Amino acid sequence: MPYVNIKITREGATPEQKKRLIKGATDLLVEVLGKNPKTTVVVIDEVDTDNWGIGGETVTILRQQA
Amino acid sequence: MPYVNIKITREGATPEQKKRLIKGATDLLVEVLGKNPKTTVVVIDEVDTDNWGIGGETVTILRQQA
Amino acid sequence: MPYVNIKITREGATPEQKKRLIKGATDLLVEVLGKNPKTTVVVIDEVDTDNWGIGGETVTILRQQA
Amino acid sequence: MPYVNIKITREGATPEQKKRLIKGATDLLVEVLGKNPKTTVVVIDEVDTDNWGIGGETVTILRQQA
Amino acid sequence: MPYVNIKITREGATPEQKKRLIKGATDLLVEVLGKNPKTTVVVIDEVDTDNWGIGGETVTILRQQA
Amino acid sequence: MPYVNIKITREGATPEQKKRLIKGATDLLVEVLGKNPKTTVVVIDEVDTDNWGIGGETVTILRQQA
């Protein structure tokens, strides 16, 4: 029954990578807590780099400086 | 003052259906808890089927198998 | 497969009221969008009135003024 | 280490305004709680006006009535 | 920079199990997307069984029926 | 109408500090985007240090090492 929300910046994650995130997060809940995978929900949010900040800076700016 | 967040897969919910979700969720809080509808907020998130998983599978895959 | 999160202030909602919120939110998704109730998840968060603000004031203060 | 999520309606917030929200929220956590800005994360979600409701009405409708 | 939120029912997860969830979710983001673990945040929410519903029923009731 | 969620570790934030967070976040939305403070909601979640991880480690462990 767990619910997992993964927030990442929108920078080109592929459908294949998303499948691996969903499979990996589900497996983690099964292995660590014995949860039922059938009702384990994983939702991935992709967030524009203008809308994500760390250290008081947007990721858009941080990527330009990198 | 309640805040309700409804997450669904992005599969064509119409503006009319969203209105009914917002009205219905607001009414529910009023009826069950006597909350003030004026400050009851409802936010609907529509999530791509590639980004939603259940049972360790993306909904994209599940829809293809259905 | 929908996920609904209801945030309310912690002010004595009873188990019976929570059951009605969960049942009502699930029914809403079934009626409006034809979702499967079996995989519809509802999570209620109860938040201390010190931790909830509206209009720039905590609910603790607003309740004292009411 | 704090995490701040700001949800607003998608009504034309500019990259400059988002930068100010991210900077301002980060500064707030530093000033009030002495948090480390380097690991303070701010995520802005912009939500379509059809998907945001208050008072049981979508913002789309409320904007038309205003 | 990813942010992962894991919501589970409050049914006795130990500090050791939480450590494994945090480590496992962080490793997953590193492996699949090459994210920097140093700024990967994982937050676990434990939710009372009265406050979690699936299939229109609280988990409290479902556990009694099981 | 904005909704702001601030997640911090549960390490003794006082009611006074929470008031400042709520006031500050509300003021920020008013100043930057001209939002109406009356319907601006701020919710603070305090999370146990066992339930918060960064760099693959719980904050409980990180505090012991500091």
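Letters are used for the chains, namely A, B, C, D, E and F, taken in the order the chains are written, and counting of residues starts over at 1 for each.
Going forward, contacts are C-beta pairs under 8 Å (C-beta built on N, C-alpha and C of every residue); 3 or more make two chains touch, one makes a residue touch a chain.
Per UniProt, the chains are A, B, C, D, E, F = Tautomerase.
Fair warning: this is a prediction, and the values are worked out from it, not measured in the lab.
Looking at subunit E and subunit F, the chains in contact with each of them are C, D.
Common neighbours of subunit D and subunit E (chains touching each): A, F.
Looking across D-E, B-F or E-F, the interface that copies C-F in more than half of its residue contact pairs is found at E-F.
Taking D-F and A-C together, the pair of chains sharing more C-beta contacts is D-F. Among the other chains, C has the CA centre that is most remote from the centre of subunit A. When subunit B is fitted to subunit F on its Cα atoms, the angle of the rotation, on a 0 to 180 scale and to the nearest 5, is 180 degrees.
Centre-to-centre, using mean CA coordinates, subunit A is 20 Å away from subunit B. Listed for subunit E are residues 1, 3, 7, 25, 39, 41, 43, 45, 52, 54, each touching two or more other chains.
By the contact rule set out at the top, the touching chain pairs are A-B, A-C, A-D, A-E, B-C, B-D, B-F, C-E, C-F, D-E, D-F, E-F.
Contact residues of subunit B toward subunit A in the complex are 7, 45, 47, 50-58, 60-61. Residue ranges on subunit C touching subunit B, taken from their complex, read 1-9, 13, 17, 20-21, 24-25, 28-29, 31-33, 35, 39, 52, 54, 59. Residues 15, 18-19, 22-23, 25-27, 37-46 of subunit D are the ones that touch subunit A when the two sit in their complex. By the touch criterion given at the top, residues 1, 3, 39, 41, 43 of subunit E touch subunit D in their complex.
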